[in-house]
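Reviewing the structure listed below.
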């Protein structure tokens, strides 16, 4: 029931907003739908916490600790982002960067995007998951080009083509999976793509084919995770689209894609019994961390900066999943959570900052802390949090990941160390002058929505100091599901 | 001897929380100077004294107390522990922060950077996090507190963030702090030794191979060295300490650096258990170099707070030398001597906390009264601000290592332990020792030079600027704070025996023995094992006073002549102007001349026939050009290379995906 | 060699045809012809599907064949042609790599693809498993084509034919996918093309052309 | 602490006070003879002091209390030092609470006050002198300490009497380490007491003077105290030299009054000899430029360190 609501509400919202999306109260409607979705997610989560994993809808849907926490997270960030986009989009409208029609498009696509995310998370069918992922791309690509600026068009085009091509590889990988599974589960069984069944028989699947399948899936979904060198679309799409979309792309889409990668890794590892998948993940992870942290030094656009930091953090999480084992997986899941919370909040503040300064160029944004202390402190704290400074939650996960790496993969530890240091210098040297110093900028008609920002930061802070036991158990269960060496 | 009821520990915890509460209270009326200055800071000072008392009690008791809070990571709740080692540093924190907070109460005024309330919050969070570092008993909470400390101090440093160089200072500081913290993180990753328990107890229990242990020690050295300002990781220090408001500079130099010392002792001697002797050589050599380096640069500074910052580097060098000796001795089985060296280390930490705070606060008052940090514009303040001048004089003499003040005691102990170094069964060490002693002694002498310059140029002579004429002495809160610290210097100087007795439990904890007191007298310090050496500051002082007073008396009695005031003679030269006296640059000139190799000097000399001759000299550290700037450039270049990857053409991007796909497929086929 | 049954020969010839078509597309520079080739590819795919459906009697294969016909033979080509006419783009500029070079690379890729297909072929139980290699190479060739082309339109066609290849792979390796997925995929493709349509007009109204070198502004390397 | 000990203690101080000016006078006499000049009377220094004590003291207007305290501190420090150094006996009560390191500290303290006082009035010469004095100091002090450390490594104690006793019981001849440090010590002695070639006590030529430049602003009794302190300093240094290198003749505790009776003439003899030597050195060497002083002292420092090295390498 909750699941049904969870999936239907966004579709409904998309439909409704498709009609009234330009109305004066449309942002509120948008927020209301997101709220309802979030409540549904809560109910679902509560159910899972109480009764454990569920199989629903003729086995087509499967909720286990691993995806339910992502569902909750997705719904939550969806809600806060909707809240944030209320004043933000109004201001954009008044600055004439948008027309009413595009606002309608924005709202309805926003809901659609939420739907595809949730579908991808909750479905048990690898094929459907693929469909949803593709849907996610399609629903956001027009949002990236919302401003119709040359930059946004270019970004949209790259986003579309690269992710489209990638996702096609993922489809091929799915097919290979299907083939391999068909051998075991009986070819024509509808069950041959159901993750639960695959998981049950993963031991008997044919290794080589699975290895190939994994490669295709990794390339496919990895493109959406933004793993170097498949990442090229990411910074452009984040920087050129409207800020709420950057927030959900960074905060949600990447997570969901990573989720898909991990699901496939679980299967493949089960059949391969070899280091191959772990090695691939670790390699991609390290490469992403290193390249992203280097490129951070060259950024001039605030949203691009944080887009690269997203690549870096996805790299860290991927690396951790690659290492595997209860602690690393735990840390990786935690990292996904805190990263999406922190990063979206950063994008919120960055959006406000850019609106105040009237530009996204960092050298033109100065002295936020004097212009509007809340935004300034929000950006400062958010950046510190994302840089892994305690007592914020990002530090917690990085603590676990680095210590694990030091013991199990000593060769990687120094690389990570250097990369993190470089990233720190890169980001902080740019954030500090934006927050401090003499100000430049203007007051805005609509007061910034700071509730989302500080709600996120508070959560991250909480996770840094104290992880509620049930949450911890939940992570542990998920980590156990993922397994690994 | 684990006491079951952790009363003292709970006390400490309560006090730390009290500090946090005070800080938050500051936000009630952030703009009110009265609230922060007259109420909150003095309150914080009281808590500081209380903390010192509680910790002192636990130190004398020598007991171990543990406590577990239901916070932190799942499966890793926050462990707290109060043992002699942490107690010592808690005393240090409490005692010096007490004085500093009192001073700060009178110091912070309206309209200086951030709002007083905000400052109050950051200040007390800083204090609390330092305390937390000292009682943390597991890696996670230690690191959290550690970084919280760095963070709060960073915000304090950047109080006046409108100045570009202060922003730069803050940035360098936080960067170094973070890198250091990452090293510590890896260090703990090694220490947990595969047990995946991050409590210090588990780390003590873990058995590491020599290789892993050495790796852990070196990582710890880097991490803590970066925080302590060990050359070559010191670059942030002379930038950050002057940038902060003076009470904060005092806290950072006096107390925060010591948390790094604590950390190294904790890891090197406690967690790692039995150190290898050669570990000690690294901090020893680095420490010696740091002494020399720091004091040289202190001697050529023209900004009084930078001068003090460099002198802090020098003193940290002394402390690390002590640590190095301790480890060398302990590693070679000379426990008794190791205890002596450890004693010297701890003693010097305590001393430096007090005297450096005193001096920084002194400069703070001068800064307030004159608005000048540049030695070239000060002078003659002893007439205008007698309180500050005379109290600072005590600090000056103490840090110059003159008997019977406290600086001398620790130098004395250190040299005594050095004299045992020929017992170490390693020829290399034996060779090193004379050099070591030479450097320590030379450092001490140069410190004297620096301090004469510091004091003489600021407080003596004639005012170099007319504006100094209406400098005012500091307020009563400041006076109390300064007096407290000055008394501390005297006390530590005059009653070393009692202090050492209190420190005994620490040496027992870390080395396993306590130094034997060879003499029965309560006033005589004779800690050196098996050697007829002793030092009695009280007698020393009384004797000196007696002789001096007698002289005064006799002179007065025998020859009653009146004293006439007249213009200065100055060897019969004409009218005396302030510009005739030696400047700070001039005073540093011999050092600059002697040790040119160390400095990167750019001079601006006046031409012979110059109407308005102007002389300017700027001194930088070579290390920037030699190490840090090349590093940054290297990263820049790498970034350029990386940027080539991202060159805009979608077909190239597709090519990346394509190649990746083919390669991975090939790999998958191979395996 | 033993005489293969007729349908088998037909299927194999379809597969061969597909491969041939991919090469043709790879070399073709007239956009209109490109679209036509795409349509033909769709037709061949549909034919193969029908054949297979008739052979195995799989219900959903008929359906997917119909889908293919409707979508890839009729609708999409029509749409693309309209776009071409509306946007007046008939020729692609000289491709990044000259035709013969592209061909050579293509050949290498085909070899690689067959090597790749071996384990799959061994595993698959279908009558058509030998065609998997073809499917893989169609995919990779399409990929190559997207890399080498400079006009947005030809990239799109490449994208679509890659998707054809994937479907062919699905069909030949395991007689297609479950219905849900098939429908989903078809839907996605449809939406994708519609989105693309919108896109083209947006790009067009900005840049007065669909040449990709307009879309190379966002980069790190100056 | 036997009464004898206290007697020795006081006696040492008194003797030092009494003999210090004489020593200076003696050095000057010898110098004069060596330079074929008519020698000034041996009592000239006493007369100087007496004269100065009778003059009226003139203070610069902006002199702070520090300026007036300094002479007394310096003087007191020197007297106390005289009490610490075992010039005649080794059973000195004071020594228990002040070893050689403390002694050097005492000298440092005196120097610090002297220089601070010199900077107090803020004249060109005062600050110049202070700077030069500190420049001499920061190289001379460590050298002195290193010299002492050689001895204390030999006798494993930093308490001068212990060292002396250990050396007197001298089953060892002059060890190579000690030889090196003896050279170093002589150099330090010259530098610390403002003798040629470092400084010329007889000129007020601003290019060269160090000690004199610092005391320019002093007059009358303050000046007297300072002069006396300077003479005491010379005396003390010479005595340190005896304690380290010519310990013979010093009364070792258990001998008792007799020992003291022996010690006094022994000391006198040694002093006479040392004075002669000092005069000789001063005569044959020429005053060197101020900028060369560091090299001179660096040599001393080097010798001291070498001494320590040699000792550790051969002795240990």
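For reference, chains read A, B, C and D in written order, and residue numbers begin at 1 within each chain.
Please note the rule applied: a residue touches a chain if its C-beta (ideal position, glycine included) is under 8 Å from a C-beta of that chain, and two chains touch if they have at least 3 such contacts.
Here the structure is a predicted model, which is why all the values come from computation and not from measurement.
*Asks:* By that same contact rule, can you tell me which chains touch chain A and chain B alike?
*Replies:* Under the touch definition, chain A and chain B have C as mutual neighbours.
*Asks:* Computing the C-alpha centre of each chain, which chain sits at the greatest distance from chain B?
*Replies:* Using the mean of the C-alpha atoms as each chain's centre, the farthest one from chain B is C.
*Asks:* How many Å are there between the centre of chain A and the centre of chain C, using C-alpha atoms for each centre?
*Replies:* Here chain A and chain C have centroids separated by 31 Å.
*Asks:* Where the CA atoms of chain B average out and where those of chain C average out, how many Å apart are those spots?
*Replies:* Each chain's C-alpha centroid was found; their separation is 70 Å.
*Asks:* How far is the middle of chain C from the middle of chain D, if each middle is the mean of its Cα atoms, in Å?
*Replies:* Centres of chain C and chain D (C-alpha means) sit 101 Å apart.
*Asks:* Could you please state the distance in Å, as a whole number, between where the Cα atoms of chain A are centred and where those of chain D are centred?
*Replies:* Once rounded, the distance between the two centres reads 78 Å.
*Asks:* Listing for chain C: what residues touch at least two other chains?
*Replies:* Those would be 116, 119, 143, 146, 155, 215-218, 220.
*Asks:* Give the residues of chain B that touch two or more other chains, as numbers and ranges in rising order.
*Replies:* 640, 642-643, 645-646, 650, 654, 657, 661, 665, 669
*Asks:* Spell out, as numbers or ranges, the residues of chain D touching 2 or more other chains.
*Replies:* none
*Asks:* Pairs of chains that touch, anyone?
*Replies:* So the chains that touch one another pair up as A-B, A-C, B-C, B-D.
*Asks:* List the residues on chain A that touch chain B in their complex, please.
*Replies:* Per the touch definition, chain A meets chain B at residues 157-158, 161-162, 165-166, 169, 208, 211-212, 214-216, 218-219, 223, 229-230, 232-233, 235, 274, 276, 280, 291, 294-295, 297-298, 327, 369, 384, 387, 389-391, 395-396, 398-400, 402-407, 413, 417, 420-422, 424-425, 428-429, 432-433, 436-438, 464-467, 469, 472, 475-476.
*Asks:* Mind pulling up the chain A residues that touch chain C in the complex?
*Replies:* Touching chain C: residues 60, 125, 127-128, 130-131, 134-135, 138, 141-142, 145, 148, 150-151, 153-158, 160-161, 164-165, 168-169, 171-172, 174-176, 178-180, 182-183, 187-188, 190, 192-193, 206, 208-209, 212, 235-236, 239-240, 295, 298 of chain A.
*Asks:* Sort out for me which residues of chain B touch chain A in the complex.
*Replies:* 70-75, 139-140, 143-144, 147-148, 151, 158, 161-162, 164, 167, 170-171, 174-175, 178-179, 182-183, 185-186, 188-190, 192, 194, 196, 198, 635-636, 638-640, 642-643, 645-646, 650, 653-654, 656-657, 660-661, 664-665, 667-669, 671
*Asks:* Once bound in the complex, which stretches of chain B touch chain C?
*Replies:* Listed in rising order, the residues are 640, 642-651, 654-655, 657-658, 661-662, 665, 669.
*Asks:* Using the touch definition from the top, list the residues of chain C that touch chain A in their complex.
*Replies:* 58, 116, 119-120, 123-125, 136, 139, 143, 146, 152, 155, 159, 162-163, 166, 169-170, 173-175, 177-178, 180-181, 184-185, 187-188, 191-192, 195-196, 198-199, 202-203, 206-207, 214-218, 220
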